[in-house]
């Protein structure tokens, strides 16, 4: 269950690459729509054992230039969206005594730059919500982790936006997926809550 | 301009202690009401030179037991409330090339304990919003700071809730006010964004 | 090349389990002895591609009860020992454009508790040295990472010291080794500098 | 008792400005010399109530270009020097149930840049040692704090090194002294361990 996406069309293209997958687009801000999507997934594939929360919304700009409405929507998608998803998926994991919820973030979750007023607060809130969930679910055998991606991801639109940069500039989606997979499958005597990944040449 | 309070009654009691003060209770989630309160303050006392944002709302409980609606309201008060206040007050400070906004928080702004799912995410978001504001306003001569209070504050209701604790257990409101005053008046060659205060005997 | 150990005897017992391994005990504080050990390893097995720096020394006690000499030795083993090892091993990795140095730590690297005055400062210094090395070597294709182990490791002496605790209380050495292996083999578009691991039931 | 300085000559120039002051230059790495200096101060002025540890030594360069001997000396001055001073001064403060130790640092105490391998590890160790001391001494009424100065300080040699920068570029020594004074005199219901100061226009 991947709780985000660049819309139904991209989601269907992805599904075509993954035989046996199920695509259920929905708006994570809408608790009812999410509950319906979740019910459909459970009915078809069973209760999810691993959830990757990758939905994100944010506006570029400082606190004077963003619209308060933009921040509100970022909070709804990035924070309340995670809360809704977790409340739907955690109980079955707790009953099973196993499962994983991986939340993806970026450096905005850790610091507030002037031009990220429309994104950073919601990512920081999301990270701390995930931390609170991790402490609640850990002793139940359910692993919550937060993957901070300090990178430009190698997808078609970033290749256009950063034209001319070498391949090494980007984080490869396959490598990010591997990081998620690793977090979701760590042996439970050595779990990680938080991990940052960045390309080897990134300045940090 | 103190943007919070334990309701109109407490605010009026406070005003009675402070000759020349003006009490304008309002709901910081309501942008229009805030704008009206701000206009009233400006008309009476002039544009505020120092703003202490102390409004807070939160629910106790883990992510399964709180109501999503409670988290939403905490985000509205603690994050959007600060955004609204800052957008109203910053422009006059920027025009003057001076001013201070002090935001108060607690350890929830830094870490997410299991039972603080209804508070910690919103305080973390507030802290990062303040950081983003500080970076935007600093070069304009306007000082934004975040005061983390890692303490039980000595007020009547905590004296009841923690009956039997010695005086040293509490942070004194006067001492916290002094910390706010200090932050608001630091010389501008040595500004602090973030400061934590706690009683000398506190375990941390 | 594992730069520590509970002495020559334990090291030989370990070697007996690992066919083809080479055991070269030495004191990491002694730059000359390390250089000799390194030369012996290079001559026998070639230049190391992965180095795990696991050597540690520390004294329990607060700043008044430890001996300054104990802190000095902790700094020599934990900080200077890493510096010596890195200076010996990094050049060949840089020439190859690949390689990994994994340093193991614990929560003392992040915070100074009262009774850890004889350990925490040296671990904090070690972590920041590793961070400085990571920034220097990353663009050269050499990956430095710091693994914080927030756990009691399951070895014979801790089983005695914490008698009665369930198996779940401990971090399993095999799982910690897997975390080191993962860090040493991350794809270079998604490297991690810092990762903390702890058992699922650990309070944090 | 100021435990550092740019040498005996600068110290005497400073003393000339401060009637009633006592200048006792010594090498903080030398425990015996420090003990003697401390004894001389106690005999002349009484046991110090406030100690500012400002001694610092570091080498510029990455881990490959610095000499290990340079790092060792930085650890001796920045870490062991603080340990020696604290062991000499804390007991009288504990007996009095009051006193303050302020340690000054910089951003190297928080992160390891590639070219700060010869300084950052020792400052990180110093900060964590101060934190360990703060936890030990706080309940005794003795306040330890760490002041991170994220700035170029306005002194003659930096004016030369950064020629052409405006006055606003620098942190003023008087303002830094005020921050130290504030930390040393905070009311004990609201103590701060760590505080960063930087000029209002600084990029951070």
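Residue numbering begins at 1 within each chain, and the chains themselves are lettered A, B, C and D in the order written.
Operating definition for what follows: a contact is a pair of C-beta atoms (placed from the backbone, for glycine too) under 8 Å apart; a residue touches a chain by one contact, two chains touch by 3 or more.
Computed from a predicted structure; not experimentally measured.
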item: Chain whose Cα centroid lies at the greatest distance from that of chain D; value: A
item: Inter-centroid spacing, chain C versus chain A (mean Cα positions, whole Å); value: 32
item: Centre-to-centre distance between chain D and chain A (centres being mean Cα positions), rounded to whole Å; value: 43
item: Contacts with 2+ other chains: residues of chain B; value: 135
item: Pairwise touch network: line, ring, star, complete, or other; value: ring
item: Full enumeration of touching chain pairs; value: A-B, A-C, B-D, C-D
item: Partner chain D, residues of chain B touching it in the complex; value: 135, 138-139, 141, 143, 149, 151, 154, 168, 170-172, 174-176, 178-179, 182, 186-202, 204
item: Sites on chain B touched by chain A in the complex; value: 31, 62-64, 68, 71-72, 75-76, 79-80, 83-84, 86-87, 90-91, 108, 111-114, 116-117, 120-136
